[in-house]
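Attaching a single structure in structure tokens format; questions to follow.
The first chain written gets the first letter, and so on, giving A, B, C and D; residue counts start at 1 in each chain.
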């Protein structure tokens, strides 16, 4: 297919693909899947953090957390818009989320049980997300790449805020420090799983790399994340819950154990601690809000009708 | 009417009227109104106290409060049964409660805002209730009088428990003692209103007294309550929020100010702090429980059908 | 507003009381609004509500911060927010009403915003410079809140039959909680006299106007002015506040003295 | 049950853990059940639920009282109930599930009662006299709870189409939280070895039998044994527990050291 070939050549030449331009169906579908999954993750990701807004320990922390969750909703918005440029509507994407057809990042199926978890999410989860997202700023699809530039900037701000929460806590009382360690114990492995299984096990990786939708292998990014995070854990005075963790001078990085992929696939299959609750919360928000959306639509139609009538009367 | 006369003579002679015996329509209606109102009060009365069960400060206090609220539901049960002997069904009485036609004691339209309120309800509200109810043990209608014997015994137990809560608190920290004083300030006047307005203002009083459904005037009982309660308040080291309160040597009782009857009638009219919430809670419990009651009824019918079928098969 | 000389201690107490009232309104309404986080009927609403809550929590920091300063006992805004019990809170009952459906949340917001807007507008001219400065900042935010809540009340009131009836039901239920905004006591009178705050009842005509115009456009029926609930401004709340505080204050109460 | 010698400190720690688990189950389920107070679908149910909650709180006092005694650090049952944070709680996740509709509350109660009954029955023969005595008392109460919850599950399962489908939905939702009752760790193994408690997995056949018989009579379909949630027994709870504790512990946290 000459279209296909020309398209791949543009990508290889580092050109950006824009919405109205020709693209292959596979490229379009893969992007829709990836961007909408990313958008859903931002939306569902409001829930575990939102769980602590009403219990934030100071007004300052409450304000910071509110701002962060607001940013996430904003990221969701950019990303849905980016996906819409590929010919899918936001309502269709919601439908896929609510029916369970579309996925979101599995990390959000873990519960936030203490205030330290809010710090850990910023530090580890946003940290891992950034690691995944930085290369996407150079992704071949223009709207996605541009959304990523803005998102990455905000995410790294969130990550610093998360780290700051934990800094305060580890310098605090023994109970606070224990809370942080407990939180690291629970979030460490799920964070490593955020990069997905080894690329050998991943069907879509090679094609996505060729399309420059994906730029690094899962294992590469995971290694980078561990190498960046372990010294931060040490700085916080925490113990990473991996007895196999060891600096490897030769490779210039850490050796670390394999995450429990059985758990990973279990959570993906819907058996995580919070899968049911997260999806129920989103479905309920959507269903309970139907009258609201219908009301706005009806008003817009009435208003348009009135404007049209006024125009006719004026003519 | 010779029936009516003979009936009144039996009452005058101190005889008990029993369910199957002749009684005047007025007597029956008055009793139904009074007993069902009393039953509704027990049921609605679960709510303000129930509001603190999950926040009771110790396991012991939680257990005591649970037992108390359970007793109140039990009182409701006896009283509905007593009313049913007069030819009204429990469902009809509920209907009247939920539609707002039947009343319940206005005191339960005040909120419980601190743990001290749980003590104050026991001490003041149950105290005033007992004052109203003790004479009803000698009421002319047998089933009501007998229900009252049991209820009074439990109520005086509740009153002691309420007083005990406050004793502990006034001996505690200054914050606890302040909480008790605040609670007395809020509950004192509503408690005095529990006896109703002066009898001059009450339409039904004279006839109810002749029927021995009521044995003392509202003012008489209120005086008795004040005389009993003021020394207890002093014992607790509290200030009764009535600047006019003064011992009157001559009458051998306290002089005290008139409650704010405008507030009383406002609360009766539905404008108390919690009227809407109390009634909504009861309506919601009833409506949400329809499927439960229907399920039990359906099962009972099925079971009866199966028993009948088995009997026929066996014959 | 005219200024007049007053007894300093009484003045300080009155000022603390006023600042608690305005600060607690922001805090408790901010809390209620933030309960929606992630559960709103549209993504744009999630963003807008988080923004409103954020503004209100920011205002809380300023008002309660100043309250602590005025009190002079070394209490911070956090101390006031997290370490007082219910009877020490001074917010009006309206803001502690449970969220209900999204329509009720919006109606509560509109009824409050219209008043908050007028109050802050007047406070920009306060004879107390510190108050005027906070009001200046908050007024900008609240003008936007009012634009938004008014617009949504209109669109939903004049939307479908269902959205109309939900908005009317919310209005009918909340109406009895609006009277407290315009009630006045000696403290208000004293501060008004000193030109520090506007007299509460003086805001009523302006509020009536905003509400009447909005409801007309929304095709909603203004409820009759019947009985009005009160108590919050003097610390007598509804049963809802205790649960709000149990949740809000948990960490500060469970780990006394810890820094976060 | 056979007895065996063990290291005293480890034994004490294991015993404390076990007592926390059984005590916290009673406490948290008692809390959940008590939330219904005044809101049940029939007056008889209000009475019965208050009674169940009362029994469970009474059992909590005994189990956590003994836990404090065994620990030997002077902590009372109240200290354990009111002054631990979520990660120190050891109840299974099932009992912290929100109440849902009345059918879900009943189904949760039945699934728990059937296990609780078997556990207590076995504990009556514990080699630890103190445990045997508490179990003796609790067993009587819980036998009654089971009679009641089983009976209602049957009547509602085999009631109307609606009551049937609500009960089935509750069962389907709660099923994944039943596996934790039969999970075992080193502490359980050690105490079982010492004849103090039954091995958790040993209770499974009896429970399966009660459940199967009841569901058959209730015309309900037993869900497939799929993935089972866990974590509560080692202090990793769901997001629900934090809110339960914020409410339950408010007074003790807000007024530290006060007596009530």
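The rule we apply is simple: contacts are C-beta pairs under 8 Å (C-beta built on N, C-alpha and C of every residue); 3 or more make two chains touch, one makes a residue touch a chain.
Computed from a predicted structure; not experimentally measured.
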What is the touch distance from chain A to chain B, in steps? 2
Distance in whole angstrom between the CA centres of chain A and chain D is 37
Which positions in chain C are in touch with at least two other chains? 85, 242, 246-247, 250
Can you list every residue of chain B that touches 2 or more other chains, as numbers and ranges? 55, 175
Line, ring, star, complete or other: which one describes how these chains touch? other
So the touching chain pairs work out to A-C, A-D, B-C, B-D, C-D
Chain A to chain D touching residues, read off their complex: 48, 51, 55, 111-114, 175, 179, 182, 186, 266, 269, 271, 273-274, 276-277
Can you list the chain C residues touching chain D in their complex? 85, 242-243, 245-247, 249-250, 253-254, 256
The chain A residues in contact with chain C across the complex are 43, 46-47, 50, 53-63, 66-67, 69-70, 73-74, 76-77, 80, 90, 115, 165, 168-169, 172-173, 175-176, 281, 284-286, 288-300, 302
Sort out for me which residues of chain D touch chain A in the complex. 85-87, 173, 176, 226-227, 229, 231, 236-239, 241-242, 246
Give every residue of chain C touching chain A within the complex, in rising order. 27, 31, 34-35, 37-47, 50-51, 53-54, 57-58, 60-61, 64, 77-78, 81-82, 101-103, 154-156, 158-160, 162-164, 166, 247-248, 250-252, 255, 257-260
